[in-house]
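Two complexes follow with subunit A in common, the first pairing it with subunit B and the second with subunit C.
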Partner chain A sequence: MLQLEDLTFAYGSVKAVNNVSLEVTEGTIHGLIGPNGAGKSTCIDLVSGRQRPTSGSVRFRGRDVTRMTAPRRRHLGIARSFQRISVYPELTVADQLDVAAGLLKEPDVDAVVRALDLEGCLRHTPAEIGYGEQRRVDIALALIGSPALVLLDEPAAGLSREESIALADHLAELVRDRGTTVVLVEHHLEVVYRVCDRLTVLEQGAVIADGDPQDVRRDARVMEAYLGRSAA
Partner chain B sequence: MTAANDVSGAAGPQDSRSQHAPRSPGILPDGVAATMRRARRAARWQALGWLALAVAGLGAPWVISLYQLHLAQQAVVLGLLALSIGWLLRQTGQLSFGHAAFYGIAGYGTAYVAQHTALPIGLTLVVGIGLGTLAALVVGLLTIRAPGIAFAMLTLAIGMLVWVAGGQMHSVTRGADGLNVQLEGTLLGKDVMLYGNPVEAWPVVWGVLMLTVAVLWFLSRCTWGRRLASIRDNEERMRFSGYATYWPRVAAFAASGLVASIAGTLNLVTTSFMSLTALYWSTSGLALIVAVIGGVRSVLGPPLGAVLFVLLQNYLAGSGDHYQAVIGTVLIAVVLLAPGGCTEILERVGKAAASLLRRESRTSDSSSNRGGSRAAT
Partner chain C sequence: MFVQVLNGLAFGVLLLVLSSGLALIFGLRGVVNFAHGAIYMLAAYVAMAITDRTSFWLALVTVPVLLAAAGLLVDRFGLRHLSGRSPLDMVLLTFGITFVVADVIQTTWGTRAHTIDPPSALQGSTDLGLATYPTYRLFVIAMGLLVCAALIAWLKFSRTGLFVRAAGDDRTTTGAMGVNVDRVSGTVVALGFGLAGLAGVLAGPYLTLSPAMGTEILITTFIVVVVGGLGSIGGPMIAALLVGLAHALATVQAPTFSAYVPYLLMLGVLLVRPQGIAGRRTAL
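Presenting the complex of A and B:
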């Protein structure tokens, strides 16, 4: 469904993403992990259209979307959430979901509301609801319009362990019920191993491991990247 | 239990901020459509309030003196200009110091067309307003991508360029001497020169203001207006919700330029005079001050601010330039104490009065209940 081919993104002389190639299969949860500064969020930015790559290409369902604007990619079915919660601070939750539903021709926005348990906060602005609810509003904005591919950038950041596990289970259910493909950037390794069908590990912008989560977990380079040389 | 319920179960009890969030008492699980319908029903009351104000305002010539009506007319023109800047600020978060240019271009444009062509007066006004709006469209195309302070500075710079150009084009503007214009023809069944008399002009001036307020109110609430507000709140999120944000913001800037142009043309029709001051940045600055004092969150705020400004200016007229110190003090007080302006103060007063009435009615209910139970005993 999604192919990154020799994707490179440089900030001046620093390559945040360095020749990354990977393929995401339809209907799976693909985890993207790595230490801080590994280039995970930049990868998401490049796929969603927030950044343009220095070189390489992004193909979605066989179509080259590398130079496409973010709004066009969204209409094609690539949606994302943000590492720092990105909602509309002055609008009520109902208002912001309604605006997004109008843009993306979502016929059943209430299904998204129910799925993320947001009924109780529809009349409130983000400042009036809790952090967990704000996080769910952010994810709801990404889910509206039934996108084929959802890029989630640390959705469990700031959540408790229980909340994170519940969110992970919900993601798994989402993939099962809607057939949505998810690319998940996450630091919570428990969440990652719980739901991901495939894992790609990045370090300093380059892929150091890619494959089945259990195999990746035992990879010496991954252990070194996460735990240091002594562990490897 | 579904996974969705799992999410809620996990999020609820652990989320302390959620527990302390101020919830409406007795709020029930609700759908997005139902919540939006409720908001629309509340808007009907606002529409009724507008209608009552529009009708009541028409009676001003029978209630106030000619001089006061003249002041009210000045306030309406200033209010329209303030509304154009305030509405742009409210809908897009962009602060423009260049709207005086559109105000002046429309006024001078109308005067030029009236003096140099044989177009009917109605068409002359349309051309003048069109020129101001076209200028706003061009400026919007060039500047709207600039963020915050850069946008304000760009509009200020462009406005000052227009002012300098106006000073150089002496044959069109008569420079610092000002331009006296004799408009001719029949407008809305009256000789256009009659609109120099506030009594004759008032229904048109008031009608234009109230119509503009209604249109901008509607634009703010319609789908496009809510999308604009969403862009103001979080432009990036809008782009990742599939919305290209450039053209709607250009359109909003042009729409606000149209309102400034209407104000400029209305000023010319009622005063038959244009001066270079109309193009100077301080005209935009004054309109902005007036809008902030009135409150930009409501479409009635900027006109209300204009009324207060004209009243204060008139009241303090004998004190030289001291009125500017008073206006400055009022501005500081409003920004510090009620950032939503006079409309916020009125809203607070209304809420306090409503809660006082509710408390009194509860007190009288409980005392009558006590009396009833004593009688029963």
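Presenting the complex of A and C:
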């Protein structure tokens, strides 16, 4: 469904993403992990159209979308969440969902609201709802319109272990019910192993491992670069 | 006193129409539009030319539309290409427009002052019970308040208005949600230019036309936007009426100091609330 081919993004002389190639299969949850500064969020930016790569290409369902704008990619079926919450401090949750529904042909707002249990906070602004609800609003904004591919950037950031696990299970159930493909950037490794079908590990902008989560977990380079430190 | 309040309202709604456009453009494009005063002035002169040849009413309808179209072109071929670059580039562009417009006006209409007669239906005075008041100024007040109400309704209840509010908060996220933010910004710049055009046409039969009128009102409009708060639309609306009223009352009560009143008001508000009445951001 999604192919990144030799994708590179440089800030001046620093390569935030360095020759990354990976393939995401339709209907799977594909984890993208790595230490801070590994280039995970930049990869999400490049796929969603927020940034343009220095070189390489992004193909979505066989179509080259590398130079396509973010709004066009959203209409094509690539949606994303953001690490930031409360991006619209003065809009109610209902207004925010209306922005996301915007010009989409089949916005399915009600279904997303029910699925993420957001009925109680529709009339409230972000400051008036809990942190967990704000996180769910962030995910809801990405799920509206049933996009084929959803890029989730640290959806469990700031949540407790219990909340993260609950969110992960909820997410897995939701995307499987809807047949959505997910690229999940997440620091909570328990969440990653719980829901991901495949895992790609980045370090300093480059792929150091890619494959089945259990195999990746045992990869010596990964253990040394990332998981080993974390597990310890 | 009653007449002074009405005078303040009449000047205040002109500032309100102007500052709303300026604040909207800042919110969406992040640019302080230095051309706003020049667009207002151009509208007044073009309205004079149309009124001389046909009628004021035709000018009232066509000039804001023409300037809105000009705003669309400025955004499409100017501001859009400069977004993401240094704010100074945007400032240079809008300053450039100001110089070009000022030269065109001086070449076409000269440097002497001009006046426009109000349309016959709005000439003379109206008895309001407490006082009689020039009918045209009442028309300016009514038009200004009507435009303000329509603008608030558009922002609050229309889909495009929702996109404008969302993109004003966060352009990137709004774009990622599928909203064509450049198109929304183009609409807002066109609306801002159109509102400046409307203010210019309304000002024609009320104030004196001169090549300095754009700069004079632009400074007061900047004060209104700063007092109201950058990044807000409602704040400048309230500030416009406050500045208009304070200026009109000071003209009678303390004429020597009336020119300083907007600056003193700005100083007072910024000392108490540095972000302005309803502001969230800082300029540039």
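The working rule: the second predicted complex is superposed on the first by the 221 of 232 C-alpha atoms of A that agree within 3 Å, B and C clash if a C-alpha of one lies under 4 Å from a C-alpha of the other, contacts with A are read in each partner's own complex, and residues count from 1 in each chain.
The definition used in the following text is that a residue touches a chain if its C-beta (ideal position, glycine included) is under 8 Å from a C-beta of that chain, and two chains touch if they have at least 3 such contacts.
All of these numbers come straight from a predicted model, not from anything done at the bench.
Once the two complexes are overlaid through subunit A, subunit B and subunit C clash, as defined at the top of the document.
In the superposition on chain A, contact is made by A:48 with both subunit B and subunit C.
Using the contact criterion defined above for the overlaid structures, shared-chain residue A:110 touches subunit B, although it does not reach subunit C. Contacts of A:124 after superposition: subunit B is touched, whereas subunit C is not reached.
In the superposition on chain A, contact of A:69 is made with both subunit B and subunit C.
Contacts of A:88 after superposition: both subunit B and subunit C are touched.
More residues of subunit A lie in contact with B than with the other chain of the pair subunit B and subunit C. The single stretch of subunit B with clashing C-alpha atoms against subunit C, selected from 22-30, 220-228 or 346-354, is 220-228.
In the superposition on chain A, subunit A positions 48, 50, 69-71, 74-75, 79-80, 82, 87-91, 95-96, 98-100, 102-104, 141, 145 are in contact with subunit B in one complex as well as with subunit C in the other.
Subunit A makes touch with subunit B in their complex at residues 48, 50, 69-71, 74-75, 79-80, 82, 86-92, 94-104, 109-110, 113-117, 119-124, 128-133, 136, 141-142, 144-145, 159-160, 162-163, 165-167, 169-170, 172-173. In the complex of the two chains, the subunit C residues touching subunit A come out as 159, 162-163, 165-166, 169-170, 172-181. Within the complex formed with subunit C, the subunit A residues making contact are 48-50, 69-71, 74-75, 79-80, 82, 84, 87-91, 95-96, 98-100, 102-104, 141, 145. Chain contact summary for the complex, subunit B toward subunit A: residues 2-11, 14-19, 21-24, 27, 29-33, 35-36, 39, 223, 226-227, 229-230, 232-234, 236-237, 239-244.
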